[in-house]
Amino acid sequence: MSHNSFGHLFRVTTWGESHGPAIGCVVDGCPPGLALTEDDIQPFLDRRRPGQSKFVTQRQEPDRVRILSGVFGGLTTGTPIALQIENEDQRSRDYGDIADSFRPGHADLTYHLKYGVRDHRGGGRSSARETAMRVAAGAIARKVLGTGVSIRGALVQIGAEAVDRAAWDWAVVEQNPFFCPDPATASRWEATLTAARKSGSSLGAIIEVQATGVPPGLGAPIYGKLDAEIAGALMSINAVKAVEIGDGFAAAALSGESNADEMRMAPDGTVQFLSNHAGGILGGISTGQPVVARFAVKPTSSILTPRLSVDRHGQDVEILTKGRHDPCVGIRAVPVGEAMLACVLADHVLRHRAQVPDAPTTTRLPRN
Amino acid sequence: MSHNSFGHLFRVTTWGESHGPAIGCVVDGCPPGLALTEDDIQPFLDRRRPGQSKFVTQRQEPDRVRILSGVFGGLTTGTPIALQIENEDQRSRDYGDIADSFRPGHADLTYHLKYGVRDHRGGGRSSARETAMRVAAGAIARKVLGTGVSIRGALVQIGAEAVDRAAWDWAVVEQNPFFCPDPATASRWEATLTAARKSGSSLGAIIEVQATGVPPGLGAPIYGKLDAEIAGALMSINAVKAVEIGDGFAAAALSGESNADEMRMAPDGTVQFLSNHAGGILGGISTGQPVVARFAVKPTSSILTPRLSVDRHGQDVEILTKGRHDPCVGIRAVPVGEAMLACVLADHVLRHRAQVPDAPTTTRLPRN
Amino acid sequence: MSHNSFGHLFRVTTWGESHGPAIGCVVDGCPPGLALTEDDIQPFLDRRRPGQSKFVTQRQEPDRVRILSGVFGGLTTGTPIALQIENEDQRSRDYGDIADSFRPGHADLTYHLKYGVRDHRGGGRSSARETAMRVAAGAIARKVLGTGVSIRGALVQIGAEAVDRAAWDWAVVEQNPFFCPDPATASRWEATLTAARKSGSSLGAIIEVQATGVPPGLGAPIYGKLDAEIAGALMSINAVKAVEIGDGFAAAALSGESNADEMRMAPDGTVQFLSNHAGGILGGISTGQPVVARFAVKPTSSILTPRLSVDRHGQDVEILTKGRHDPCVGIRAVPVGEAMLACVLADHVLRHRAQVPDAPTTTRLPRN
Amino acid sequence: MSHNSFGHLFRVTTWGESHGPAIGCVVDGCPPGLALTEDDIQPFLDRRRPGQSKFVTQRQEPDRVRILSGVFGGLTTGTPIALQIENEDQRSRDYGDIADSFRPGHADLTYHLKYGVRDHRGGGRSSARETAMRVAAGAIARKVLGTGVSIRGALVQIGAEAVDRAAWDWAVVEQNPFFCPDPATASRWEATLTAARKSGSSLGAIIEVQATGVPPGLGAPIYGKLDAEIAGALMSINAVKAVEIGDGFAAAALSGESNADEMRMAPDGTVQFLSNHAGGILGGISTGQPVVARFAVKPTSSILTPRLSVDRHGQDVEILTKGRHDPCVGIRAVPVGEAMLACVLADHVLRHRAQVPDAPTTTRLPRN
């Protein structure tokens, strides 16, 4: 069962509410003998941390992670790794007015109808704060994958404004507050988002994540397909409404000739693909090409514009969400998307070597 | 673990290869006391069955399902329901030439690299034939959901040609070989697909599936989110490359005001949403509105045009896929998508009542 | 969830009722490339088959197993292996009188209360017939374990009469109808069981199963302990009421000195234990010593002596179970116990190599 | 997967080492709306707490539990409940001499062989300290079960000395440091254990746990059998080597007439059993009678008598375990056994109502 757990052999269970004393997770199944300290995790949390620019929530959380178990003498021991972050800047008073009313676009009503009782403060369990633990777990997943696998992400669209893929530069991604790979678009977004923020509005976004160095063979034929699990993982991130792999929706408009990636033998005896429409996955199993996924994040529902809603007593109300919010939650979803991709891949590395311990790690084929 | 199983409490395990003696599935966790015979399942299989028009594969399979266990005196007994379909029209000779070569866009290479050994005939386990068992399981899932929940689907795009949503008529869906909801578009597609078929090409497609009458409260907060599991389920269908819920990717271009669905109290004491951008799911939990999902199917990779590839001996080859193929596999994906949606919902109905047996089944709130 | 599935990475799902058309199972997660045909499975089924002596049920079932998927060219393909056995000798008429009454010691009442509807014929799903599929799956598990691991079992007690362990001879086990390792006891049991059978009674039994050649390191620390999963596996066999590992209940009466197995280095650099009170498992993880487990099977509840019971209409009745029954169901539980041990070990071999691919396969330690 | 998690719908994941900063668990799937505070959990921890008599370890741990999530306004919210206990009295120096040597009867060698690296301090993850979190989770499980279900346990044997069942008095259980139900035996054990402790030895024990008020219908037919899961749960407790249900091993010596529990209709329309050899479970499903299980705990392996062993460098050594140890770990296993039984039952209550929401809660049958 997977209410609050993710993965099978590399299994992450998260807990905690936005305004509770702490949030945490347990990573079970991590192989032993991996060097791991808080310093391996903290940089990824820092990328996701709130309060770093005026384009994200002003909540101040140092998000200091502690490892409480599963590591001894600087090495993982194969036992469960418990991670924990204290919540420090919990201004519950900001949320008093939403204790009874249901914010449009939020999980307030659905939690109320499902559970009858809910921790309304900052969205409680449904807060994007939970994603901090995904990022922490993702850092451990990267350790499992090893340095041969590289996972990175970028924001490719805010509102209706997409990046110029011809100008893509990974180095630029870390040089602007948007994880934008293209400097001209980053400037444009700055104006766009500032306008949205000033008008009390918000904007959606599209994120692209990629993994290179992925060995072939990860994934399973039918319901454990690598792409199916990536889709589920990315869709489980707060506010995500769409996921695609490789060409994604655009593949619908292609012909068979233009979509299927042709192959040739490379001089080194490996199979080379002449294109990557598939996004690195065929039949649910990795091909060895880069795994490429994109996902859409809806605009922040917490906005300063009054909205029609109802309250728990069955009265019509108008609601205006004060407090500290991201004008574009898609920005901080970049490190979260990377983390989820890392977790899915780590899980499948373990699953693959359980069933096929001697599987090839490249696409090399025998020459006759 | 979910290599070949799907769902948690309503759990479907499928088995079988395209050209083996039979395919089958085991449905575990179905509640007892539901009336069930082969006649409840066969009509859904007939919708997916090959050979029904010139726009789908000409393989002739009656796809007669047999119930081998779990039903007694016409009622489910709560024990596992085994379903089985004999494979009858297995022309393995059609596939002799792909025993050694890897068809572009297919799972041939990835299965070979992962497993070392594979049943190449018709794609073996990776064949879309497996989806017949999904459709069969979906028919049982509908029984679990009861008549109050209605699940249906339509093809909304072939190649670059989308339906006219203003002309949408569900009755039309069953009146053309494309599950097209709009008669004018159906005529257009007939020409388009005929041209594609004659030129030895193929086309992709987009399918929309909807569930109405879904009670609120289905889904779980974090990794058991209803939308995450729908995304994983749809992405696990052969050839699917993208999934979206509600407004999906289009939500990225919206502002917070235009995206979040406002609410008002209806005279009957229920909460009414003024729009459904969310596709019936907030915070991973159903709102009571229609659940709406779309998914993209890539163009059939088996085409009559020669393609560059390699063989298992590491030689460059040209490959041209003869045999009987769907010029647009998206067509027969409609009943499969419906079935997967039914299975996810049935699973969540069981999960929901395990944790919250007294949950409300409507959005009715107390009036003060 | 594990209603009708067993294991995690080597996962067995069974289906079928005693008097339905067939019984079957799906084995998912089996590694690819293992040689497998029906001939690898049939001998184990033949050991469990009814009708082979007057001491077991006279139901005549050839129990011919068919492999329906997952094997190609004589090798496992890594995809699910479906196995099936037709039910042939279903004399449903024998069971007409128990459609309405609940046999003492059987699952009739509990199925009725739980499910409301049940297939009463021969016990339906609760029949020991299901164990045939465990034996079939166990044959595949042995393939996963390889020839280095040997699993065998023996009956060590019938009624109050235990074998003479000093006279234990594994060769004798296959030479009598009781799987008795000691010829003198086998003769004694023949008289005892004949008397029980003639008086319309039945007897319980204790079975011992052993695995030798088990590598160290199988098992997981807490809830995936090897002994915990063996206990659950053996207790899931029909009519089993007790399980013990190593010294088992007798360990309660030992002192710490007499119970804990001491160790010395062997000349070959491996660790040798000086005794095996632990039954080959410490802290839930295999030590490399033989894994030893015993389990108790209650006496057959279907006897020819009238018993007090009730019927589904709430009336007191007397019930006398006619039909064909084992006077000691413990006998045929020997191959079932072996199979369950094989399945648990195979599952843990896969789990172990997922998490610790380079783990040592012997107890060899470095010499300084 | 269940390395460090237990249960399916009521799912407990524990983490932490004996001498790490803390231990904890996450309880996922708990229904919403249950009143829960630390005060509901602490009394059960206090029963298991070390240092309470001279017959248990002298480690001083207040074992104060904190609830970190999943409860709001005193009610469970349906989201994961994180529990945590700080480790306070971690005298790691006591364990310096076992960093390199493997204590007989402990998991030292098996962890070393499996993982290569281990937290040796106090046994690390394999320490019985982990069972504190089982007891904490068990307290929540009791909330799920409600006041109608009563779970209690007693020590029924220490070494070779069993209680006098004719003198059983539940009130006595809480009045002596052994959870002994019979005052005369408690006195005898005091002398026996004092002698064992003084001689640097230890003793094994047998515990009995019972649940009354269990509704019929809990459990599942084959691999989710209630007795199978109880067996796995109890066997997963540290040092447990044997488990039995109802008459257990003694059932082997019974005849069918003496073992199967007869039934009569009671005046109130419920089915009454005339005996309870089955221990409240038939066919893996609860009958409504008390569920009765017993398990054996081996003698503490940490004793003051020198023992033969080896070290990680492959040298023969003698080892004598200093530090603070229980002369009979079976004593503190009583609340742990109760907790595991509570967790299994809570899990099955949720599973049962998922599949059969309208199941009867008593054995009442219709009268004609």
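When the chains are written out, they are named A, B, C and D in that same order, and each has its own residue count from 1.
One rule holds for everything that comes next: a residue touches a chain if its C-beta (ideal position, glycine included) is under 8 Å from a C-beta of that chain, and two chains touch if they have at least 3 such contacts.
If you're wondering where the values come from, they're calculated on a predicted model, not measured in any experiment.
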Counting C-beta pairs in contact, which chain pair has more, A-C or A-B? A-B
Pair from C-D, A-C or B-C with over half of its contact pairs in common with B-D: A-C
I'd like to verify one number: the distance from the centre of chain A to the centre of chain D, where each centre is the average of its C-alpha atoms, in whole angstrom. 39
Taking the mean of the CA coordinates per chain, how far is chain A from chain C in Å? 45
On a C-alpha centroid basis, what's the spacing between chain A and chain B, in Å? 25
Could you tell me which residues belong to chain A and also touch two or more other chains? 1, 3-5, 8-9, 14, 29, 32, 78-79, 114-116, 125, 221, 351, 356
As the complex stands, chain D meets chain C at residues 1-6, 8, 14, 102-107, 109-111, 113-116, 125-126, 130, 157-160, 196, 201-206, 216-217, 219-225, 227-236, 238, 240-249, 251-265, 269, 271, 274, 277-279, 281-288, 296-303, 305, 307-310, 312-316, 330, 351-352, 356, 359-360, 363, 365-368
Chain A residues touching chain C in their complex are 1, 9, 29, 31-32, 78-79, 221, 350-351, 353-357
Mind pulling up the chain A residues that touch chain D in the complex? 1, 3-5, 8-9, 11, 13-17, 20-24, 26, 28-29, 32-33, 66, 68-70, 72-73, 75-82, 114-119, 124-125
